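Please find one structure pasted underneath; my questions will follow.
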Amino acid sequence: MSVVLGSNRYGKAENRVVRVYRDTARHEIRDLNVSTSLRGDFEDAHVAGDQTKVLPTDTQKNTAFAYAKEHGVSSPEDYAIALGTHFLDAAPPATGAQIAVEEYVWDRILVDGEGHDHSFVRRGTETRTAVVTVDGRASEQRVWVVSGFTDLVVLKSTGSEFKGFLKDDYTTLAETDDRIMATSLTARWRYDGTSAERDTDWNVEYEDVKAIMLAAFATTYSRALQQTLYGMGKNVLEAHPEVAEIKFSAPNKHHFVVDLAPFGLENNGEVFIAADRPYGLIEASVSRDDSSESGLAWQSVPGFA
Amino acid sequence: MSVVLGSNRYGKAENRVVRVYRDTARHEIRDLNVSTSLRGDFEDAHVAGDQTKVLPTDTQKNTAFAYAKEHGVSSPEDYAIALGTHFLDAAPPATGAQIAVEEYVWDRILVDGEGHDHSFVRRGTETRTAVVTVDGRASEQRVWVVSGFTDLVVLKSTGSEFKGFLKDDYTTLAETDDRIMATSLTARWRYDGTSAERDTDWNVEYEDVKAIMLAAFATTYSRALQQTLYGMGKNVLEAHPEVAEIKFSAPNKHHFVVDLAPFGLENNGEVFIAADRPYGLIEASVSRDDSSESGLAWQSVPGFA
Amino acid sequence: MSVVLGSNRYGKAENRVVRVYRDTARHEIRDLNVSTSLRGDFEDAHVAGDQTKVLPTDTQKNTAFAYAKEHGVSSPEDYAIALGTHFLDAAPPATGAQIAVEEYVWDRILVDGEGHDHSFVRRGTETRTAVVTVDGRASEQRVWVVSGFTDLVVLKSTGSEFKGFLKDDYTTLAETDDRIMATSLTARWRYDGTSAERDTDWNVEYEDVKAIMLAAFATTYSRALQQTLYGMGKNVLEAHPEVAEIKFSAPNKHHFVVDLAPFGLENNGEVFIAADRPYGLIEASVSRDDSSESGLAWQSVPGFA
Amino acid sequence: MSVVLGSNRYGKAENRVVRVYRDTARHEIRDLNVSTSLRGDFEDAHVAGDQTKVLPTDTQKNTAFAYAKEHGVSSPEDYAIALGTHFLDAAPPATGAQIAVEEYVWDRILVDGEGHDHSFVRRGTETRTAVVTVDGRASEQRVWVVSGFTDLVVLKSTGSEFKGFLKDDYTTLAETDDRIMATSLTARWRYDGTSAERDTDWNVEYEDVKAIMLAAFATTYSRALQQTLYGMGKNVLEAHPEVAEIKFSAPNKHHFVVDLAPFGLENNGEVFIAADRPYGLIEASVSRDDSSESGLAWQSVPGFA
């Protein structure tokens, strides 16, 4: 028997890069959490502790900050593509790089009804995400872009049922025609193709995909969270041909009707207890049948079926 | 020497009460985290394990849910006053009650530009808070109301300096004319008086106090976070005579300018690293000189100087 | 009406100070989270933004690290006393200082049954705490020491009942002769007196107080969590005359018996669901009747009734 | 174009199952967090909202609790195998099941030097994990077992260097002969084979694998975290032929030497600041060259390269 090194990667996680654009009095701000990693021929580092081929994680950190200036941050996706392709130039032993970005959105503070020039309040709803995976060099280079968000918390106070399900000896759940449905949604969508050069407006795409998903959540009469997710994904795929595939992870945040009968009170879906654990967890993906292969796009992307 | 029981209280913490108003097709939702506690003559329970005078925390929980229906939740403050005064009726051994409420705000999901009737997305910025303390019964009863919020994250990308400070042998900090100032603000304001009956519109008050604070944060040229907080508080006190006192707790969330010189890049306040720890922590209170005594209003309220 | 500055303080929170003693091959490690704050005459900073009297929080940070070397860390208490008294010398406008320390304990990694010289594994049970409050200077100086721990998670699988409690219209809880009792205990004890010079072995004290509390928790037949806490405190006060007062905060981490009858199974206290929220919350203090006044010892100490 | 349902699964996450063995006065306790999920033919649920083939997550929850009694919890692995194979019997539309278990360890409270019969204190170091994946039925059934732990926090105060690394234009890191190396280690090891019937003593295995890893961490002079991980894995594979493969995820928890020179103090590796973010992140796997294929063993296992 001999011991074999398997898949491995290394990088610098959670660089908190804040980029302020201050060319005019009206500042813009991009607030990012950037994780970079490299894959490649790093066997010497593992087996012998030889760092000759290892570009330090500290250098990756420096580059993440320098690129916020050198390249700028017009969007998480654009910045991540620039950073990822750079690392394959900078580190010849690397065969691939992955850049995972979270973005936190800031709104302008309203003063007399107008957004202030340089004062902001954090929006605090979902976190926007982008995961860019780069593999190979020159004409062999492929770049996958996965956009998305985490923790978009949505709730329907009606328009959701759950019934007709499979039963076994351990089934006690009552069927219901009307329940609260709530989830803290993570969605990630892969853009078709593997080119580093794209003329996509990532920010416009992001807002539009999110708006379609929210509207589908709102207007779908839900017979299951699975069905709602499928509908959300379908609507996006139909409206955005450049989106190849979408993955959802949706904890079913249970809201249980509280029994108020002991106190002589009716409770027709008016008072609920929001439960923490356990929670249902639904994971699903939808794609267009004519989309390109996903390749390495989903490798190491957290939390997907 | 003999052992003496000192201050004590007990209750049920973090009841996740969700109240849906569904009298019309256009639902309303109030999403609360409710903690209740009682003080009083509970020595027997401590010294002898005798529960005769102890209204169980489970009962407190039941009441918190039942009151969301019986009394309703027009505001966290109104609901907390009702619940707190109820407990002094329900539990004769209690001499006082405190009800602490957090509220999470939901916005309607936009569908074709209109807010949906029963589908919501959680706003996710600050958490609104109310702490109501009730002491005594009948004509002796006093009710203190402290409204507020936690975790309102704000940032100024300029208009903030820090210089002219005291120096000692351990001082290495450089003075600065221009820095990012950011904080995750907790503010709590005590309303004047101790009456259980008030004709305050708590929701309007809340939005207005928050708006004044945000505007003051935005428009104050800041020579110190202390000065900014003081200005925010002063503006509220001047506009709202019913507010007696305000307490702030403001972590100074440091954003350090990254040194890009080693890479041949200028950094004129454009690229920052957002640091986690340590952080400055500024706590301050302001009050009107003619306000009533605070009494028990701040007892057990978390996180204040 | 005029606006008045009330209580205030400022400092640097959560300095993660790690001190390694490496004078011999057998290293020692102290791993601390240190928060410092100053009170005093800081009105100019608040009202006018004038920093003349403000020793920066950055300087406080530097001092916390420097003192880990200059003074050393024989215990959190000893280190905090040194740091707190220093700040009153360094910052003449300050009238008081508070140093709050958390300590994380590391055990030596076992290699062939022996503890390794310089390799450690974090123990991960409770966090040890010390809060030292210093007020005034020279002969007027008073120093309060509050030791303690947070998050010591303990559980009894029997030997706990809950019955005979007060009932009202909202009471549905069944009485029980046998339940799981579990809590994540925070305890803090104030040492008698206000001298800066003490010949206490803080580390020995800490271990002994904790051991007494644990043994009392284990061996007390519990009729209420209140009674258990009281017994734990009483045993410490009787064994340690230098301890003046003890405060407990104990969330009652509910473990509910799962109803297995629908599946034809008996459940005689064998299968439980550990619930997250809501939880009971019991806060209590015990003191010796002949102890000194607590003065400022508990000011701004988090989480106590 | 048509929309296609891709990979999907659903289940109940984070069932907090506590199992007490109380057949004698000396109780035993197993404290678990159990997540179950099913894969299979669930297209109707997604596309049409038809639940006919869906065994509810509520039923999965019931079963997790019932099995703690019916089957018992001799180890997380044994319990998870029983639960996973059960679900393929209970839910004919399912083609596979995954059971992920976390276990929290409790020690007996010491009273007069003896462990108490029914009073426990939570150990609080690492969390033990087991992920069991079951695919197919009858003679086609395959069962993969991955044991492991998360968050084992270890530190070496010397015996670690980092030098000789690759440099580019963004490299500023100084080489070092002596640094603190610390990580919060996640390790998972796959057992060889796919049989549901195994005569492994999972608890003994767990303790032995962990002890080997800890000893290797302690005694390896480290030229890189990669090399340390490789050494830890190699030692386990050499001692445990039943282990086929090991995966590590190791955040490099940086401890930076604090510059005390401005204060006239030397700092020869004695005072460090423990940083939060960013952190290095090293992920690596090692396997024996003659091991069986991993199949579905790692599917949906969180956090691995």
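Residue numbering begins at 1 within each chain, and the chains themselves are lettered A, B, C and D in the order written.
As a convention for this text, contacts are C-beta pairs under 8 Å (C-beta built on N, C-alpha and C of every residue); 3 or more make two chains touch, one makes a residue touch a chain.
Keep in mind it's a predicted model, so treat the numbers as computed, not measured.
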Chain whose mean Cα position lies farthest from chain C: A
Of B-D and C-D, whichever chain pair has more C-beta contact pairs: C-D
Centroid spacing, where centroids are CA-atom means, of chain B and chain C in whole angstrom: 24
Centre distance in Å when chain B and chain D are each reduced to the mean of their C-alpha atoms: 38
Gap in Å, rounded to a whole number, between the CA centres of chain D and chain C: 31
Chain C: positions in contact with at least two other chains: 15-16, 62, 66, 169-170, 172, 262-263, 276-277
Complex contact set, residues of chain B against chain A: 15-22, 27, 29, 31, 62, 65-66, 68-70, 106, 109-112, 116, 118-126, 152-159, 180, 211, 214-215, 217-219, 255, 258, 260, 262-263, 265-276
Chain A partner contacts - residues on chain D that touch it in the complex: 1-16, 35, 37, 39, 42, 45-59, 61-63, 66, 90-91, 93, 162-173, 222-224, 226-227, 229-230, 233-234, 237-238, 241, 245, 247, 251-252, 277-290, 300, 302-305
Contact set on chain A toward chain C in their complex: 169-170, 172, 262-263, 276-277
